[in-house]
Amino acid sequence: MTVGLTHFLVVSTLLFSMGLYAIITRKNAVMVLMGIELVLNSANINFVAFSRFGNFGYSGHLVALFVIVLAAAEAAIALAIVLNIYKNMSTVNVDEIDNLRE
Amino acid sequence: MIMNYYDLIFYLFAAVTLLSALMVVTNRNIVHSAFYLLFTFFGVAGLYVLLAADFIAIVQLIVYVGGILILLLFGVMLTNKITNVEIKTGTINLVPAVIGVGLFAGALLAAVVNAPWKINNTEQAFPTTKILGTLLIQEYLLIFELLGIVLLIALIGAASIARK
Amino acid sequence: MKEYFNNIFTALFTIFVGMKVTFRHLFTPSVTIQYPDVKLPLPERERNRLYVNMDDCIGCDQCARACPVNCIEIETVKAIPGEDLGKTSNGKKKALWVTKFTIDFAKCCYCQLCVFPCPTECIYMTDVYEFSEYERDKLIYNFSTLTEEERLEKIENLRKFNEEKEKLKTQSPKNE
Amino acid sequence: MHESTLINLSLFILFLPLLGFIVTLLLGKKVKSVYIFENLIIIISFFSSVYLLFSKLTNFRTTKITSEIEWFSFNNFITGSKLSINIGLMIDNITAIMLFVVALISMLVHLYSIEYMKGDERYNRYFAYLGIFTFSMNGIVLTNNILMMYIFWELVGLSSYLLIGFWFEKKSAADASKKAFIVNRIGDIGMFAGILILFFTYQTFSFDKIFGSISSGQLPFNSDFWLTVTGILLFCGAIGKSAQFPLHVWLPDAMEGPTPVSALIHAATMVAAGVYLVVRIFGLLTADAMLFIGVIGMISAFIPATIALTQNDIKKVLAYSTISQLGYMIMALGVGAYQFAFFHLVTHAFFKAALFLGSGSVIHAMHHEQDIRNMGGLKKKMPLTYWTFVISSLAISGIPLTSGFLSKDGIIASSLAFANLTGHYLFPIFSLIVALLTAFYMFRLIILTFHGEPRDHHKFEHAHESPFLMVMPLVLLAVLSIFIWYTPNPLNSEQGWVLSKWIEKPVIHTPENSRFDFMKSFHNENVLSNKSYIDSEVYKEAMHSAHYPAMGLSLFVAVLGIFLAFAVYQWKKINADLITQKLKPLYNFSYNKWYFDEIYHKTFVALTIGLSKVLAWFDAKIIDGIVNGSAFITKHFSFFIGNFDKYVVDGIVNFTAYFNGFAGLFVRRIQTGKVQSYLALVIFSIVILLFIFK
Amino acid sequence: MIYDIIFNSTGSSIIAGLIVAILPLFVFILPFALFAVLLERKIAGHIQDRLGPMRVGYHGLLQTVADIIKLIQKEDIIARSNDKLFFNIAPVLTFVGSYAAFAVIPFSSLFLGAKIDLGIFYIIAVSGLVVVGILMAGWASNNKYSLLGAMRSAAQIVSYEIPTILVVLSFVMLTGTMSLYDLSETQTSYFWNWFILGGPSFSIQKFLLIPFMLISFIIIYISTLAEVNRTPFDIPEAESELVSGYHTEYSGMKFAMFFLAEYANMFAVSAIIVVLFFGGYQSPFGYLGNSLGISWLIPIEQFLWFIFKGIFFVFVQMWLRWTLPRLRVDQLMAASWKYLIPISFFNLLIIGIIALI
């Protein structure tokens, strides 16, 4: 069996699940960010794989490109926010930041 | 030959990606996680190359390895009191996460493997840069410009948030 | 705005000036001397390792006395009559056997004070300055030309001569 | 050299002044010397346009370069069709020539203004405004569709508003700018209606596509009448912008702006835009529309010419002469002399710019004295200004060896030919009268300003020749008013390269039966060929037979006009005051500008005020009465509703709230404030959903 | 292409691929590093009116060989509180980052690892690995100075990448290609076809380009200098402040790897500059092989020319090192963000406009 679409999708699915796992379980906000990056990467693999094996032309590539760009913007902003949170609350553990509860 | 080089390389990269991703999510040391992320990104870039997406692969390297990873590392190093190499982070929701994500991954895998994909296995033109560039300033021009604006706003926003 | 462009101009300009300077130095002949192969000519009155010309030494011990650090050690034995010690180069007659003449260069401070008192100018500074050793003892240079046996022999000779002389002395008053 | 290069270059030329505008406006207050940047940009854009003109006329003389992109599109989900709005550029010879003219005049005005405006407190902002003016005019010139033209059209209106009211501390300037703006809007309403009709009919804004559809027989509402209406409505825009007969009142008032701005507005940009618009839409004009245009042009040529005879403000005389000359062009378009109209636009741009800049030079020298009764004798003090002024005046009067003669004679000849073909003899008669008047009032102006004895000695003493930057444009423009640049034969312009090679020949697209006869016959011979009616035998013959009479007559009236002017003002053979006394009513009529402002004030403005008074009464009495009555009813009704609300509705609400609160006691446990727990819940829910709906 | 030649002679794609991958290391990087270290010491000596190493071999030619032998023999010290895994990976990563760049550098029309379409983009991408390697080294050393140096280095490289990319972008706009091979082939034969002199087309564009190309060259030279952490931008390893920064804790072969990576990087950036501005492997005066009719001589000539040009710019880097003092951190950042980036933006804009004409 040669490597085809399914293989790539399986890889991306696993990557996605791991990213999700990291988002849910890790306390540190930066780790949550890493989980998000993993999820975005898995989505990108899907886009490119469908672009390669599907009938979408190069749109998948472009969407992946856009996702990468947005990921960069997102990482920058999120890290700025994390830094700010650290400055204000001197912790970056997500479970301790529950001011929204009230 | 049972397995050609393409498959071999694919399995290699998939293994690198998945193993290092596993290390990322399970390692208790944040800095280790961040460094393992490098190998994940690298593996994903390799997968892109295997999918004949050379431009995306290199953009992945530039943006993720050259940008986001460094940012994350800076983030880690700036938000912890670095006195020792060991920066541990705790975990929460461990049990529900394992169960939930396990079920979710299982369901997704089943769906992905059993789905009747319509596969169009024709070769695509390989140097994709020119094609992507043309598409980018024709059909996707608006999105391209919007992204530029988004990036600018993100830049300004990040700077202003971090300075506050 | 003006300052901005001025800064750029100054930066580039000064860099090029600096590069010009260093580039000129790239081709100025270097000041390094390839030491063991090439040596600087020493000045005329340089003070380095001492040398003693034993042919001229009369064993007067003046140098040892002049030395501020006591690095020169001299032992002399009187010559018994009949022994011809020869003459120094400036015509003085030698009267002492120099049985030991050592200079400890680990101590020597190269002050040249020993050179001036020497009546026969037999001790002087040479231009040798490379004489490092692994053991400190090896820095004690012995200039005496006599071997250990000869030294003992000379001492014995003198002792015998003295004894005989004493004998003669004790005998002669009896004779008077 | 490739076609896309030209497109890129034209984009460059288009947006460069915008860059200059933005930079100059943003940095204007901080960096005093930013106007140099703006000037630099205009010079670059001038050289670019020279390059464009050169390459267009050498390499692509017969091709029309078009480039179009989709701006945005609407999907109609009901019918499934797609409506795209395209914008684009079109470069044909006319565009290239016009672009060159705009860039040249704009550059000269910029350079001129460096000296003229020196010391003004909003110096940089002035240049910024000039930049956006140039930008918007370039946009009008370069566009290939009427929507974009309309957008830039309004931008021109805006920038003229800014520039006319540049010295807004003066009430007259502020009023003039408002007047220009509002009067222009009136014309623009017509134009907008015309655009809407066109778009409704053809679903496109592109000139080429509209002409194509008309050629294939598709008409607005399937009638010739509506095509005529469309043409006239579009022409309304030109009426406003080019200050044609009913809406010409703004232009003389616009003299309140700085003089170089007047030169820019009158020579190359704003008023030329109207003529340019008619040139562009020429293909869809029916015979009726053309006749309408011709009559409007004729009237606009005549009335201001009579007004200019008696004005004393140097700039106002020139302003009226501008309206008169524009009337000429419009009339030429009306009689089908498309090429002459455009040719006159170009030549007029040069000599009118020279005249205005010359008058600016005089005003500058006289310390902002504009009344010609206080001038005189300036010839000795300002020789360069004088001679350039004379050359330009000769050009505008239509004396041979000047560019004005070539174009003006062409217009008179073609109006004569048109009259011969169709019988409308008023056109040539009026054009000759106007030519006479033009020569007369121009030389009246020259004599009063430059000749004779100085009437205000104090100012005369201080007068001096203007600095280099102000004189250089004058000389350049005066040189451009000589015939040699346009044709080798000073008497017959049609052999020249401008008319025979450069300016494209007009093609009429309207249906056969709505054309003039002489346009009709030719097209039937060669339906498929792209040839123009002016190549037809009939028209050529008519032109040929009209040529020499027209030339002789126009020369005669021009010389007569100049002679009269000299007779009255220089040699004093005829006493001007005496004539004034005798023709007191006529003089007053002319001196007060035919009472247009007063008429408008008495009719339209008074009508509007009266109407608004009626409406105010209606509002205060009737509408307020209804409102008050309904308030009374509402008040009583609401008491009833209030009670219902208090007991019935509130009861239900309170019960619900109590119930929810009770339920919330249980559900609040889930809300932990921790995002990750929520996410875990989401995942669980998704998994459950997946298993349910698999 | 070298790969085809080996593939044809051996018939195995694996062997050919391996050889092509390893060839630059043994044919070029190691000898170059040996030579460059010696060159650096010699230049340092001569600029300071000294002689430099003279003892080992003729005029000290074998000095670096001796040094390498010394380094190999040295004990590989790993302190107890080091992060051992990453401590060991970091030098490899750094070296990989600079070594991978050599895959696309066209040494001559024949000796070129991979003729990929995105050559210069690829180099920029893989040089990101160097940053991560440096950060990793600084972190794993568990040493304040090392970490400080690593973070300085990362910040510096990331911010100086921007002007580099902008200049490269202007080339992409001008030539429409990112392939280093194509760029070299475009500037063929004679030196007036080099991009520093306006490129191969002979038109008004060429003359308009020259000043902006000069500006581009200065910008990219400064920023690549900063990217390889050379003086005056060597604050990450500032000996006098940080005790050599991120490689303080390293010894023996790992230190040698950092060393090797640094010199490989120096050549890589010089090679980029050579390819972009100075005709790549093209000879400025035509080829001897052409005039003699010996076709196999041409690639060799090209190789020599490339090496010569590359080493010349390495020489300039060294020359600058012994000319300029080290910048402060704030000056460093100001130089990039306030000077290089705006200027390169304007440059990009103007070159774009010129490219349109």
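Every chain is named by a letter (A, B, C, D and E) in the order it is written, and numbering of its residues begins at 1.
Assume contacts are C-beta pairs under 8 Å (C-beta built on N, C-alpha and C of every residue); 3 or more make two chains touch, one makes a residue touch a chain.
Keep in mind the model is a prediction, meaning the values are calculated, not measured.
Counting only chains that touch, the fewest steps needed to get from chain A to chain E is 2.
Shared contact partners of chain A and chain B, listed by label: D. Centroid distances from chain D, each centroid being the mean of CA atoms, peak for C.
Taking the mean of all protein Cα atoms as the centre, the chain whose own Cα mean lies nearest is E.
Chains A-B form the pair with the most C-beta pairs in contact.
Inter-chain spacing, taken between the CA centroids of chain A and chain D, is 56 Å. The geometric centre of chain C is 58 Å away from that of chain E, both derived from CA atoms.
Taking each chain's centre as the average of its CA atoms, chain C and chain D sit 110 Å apart. With centres taken as mean Cα positions, chain C sits 79 Å from chain B.
Contacts with at least two other chains are made by residues 55, 59, 67, 74, 92-93, 96-97, 100-101, 104 of chain B.
Shared contact sites, meaning residues of chain D that touch two or more other chains, fall at 674, 676, 680, 683.
Of all possible chain pairs, those that touch are A-B, A-D, B-D, B-E, C-E, D-E.
Chain E makes touch with chain B in their complex at residues 13, 81-83, 85-86, 116-118, 121-122, 124-129, 131-132, 135-136, 139-140, 142, 147, 151, 154, 158, 161, 178.
Residue ranges on chain A touching chain D, taken from their complex, read 20, 23-25, 32, 94-95, 98-101.
Looking at the complex, you find that chain D touches chain E at residues 5, 8-9, 12. If you check the complex, the residues on chain A that touch chain B are 2-11, 13-22, 24-31, 33-35, 37-38, 41, 44-45, 48-49, 51-55, 58-59, 61-62, 64-66, 68-77, 79-84, 86, 92-93, 95. Within the complex formed with chain B, the chain D residues making contact are 674, 676-677, 680, 683-684, 686-687, 690-691.
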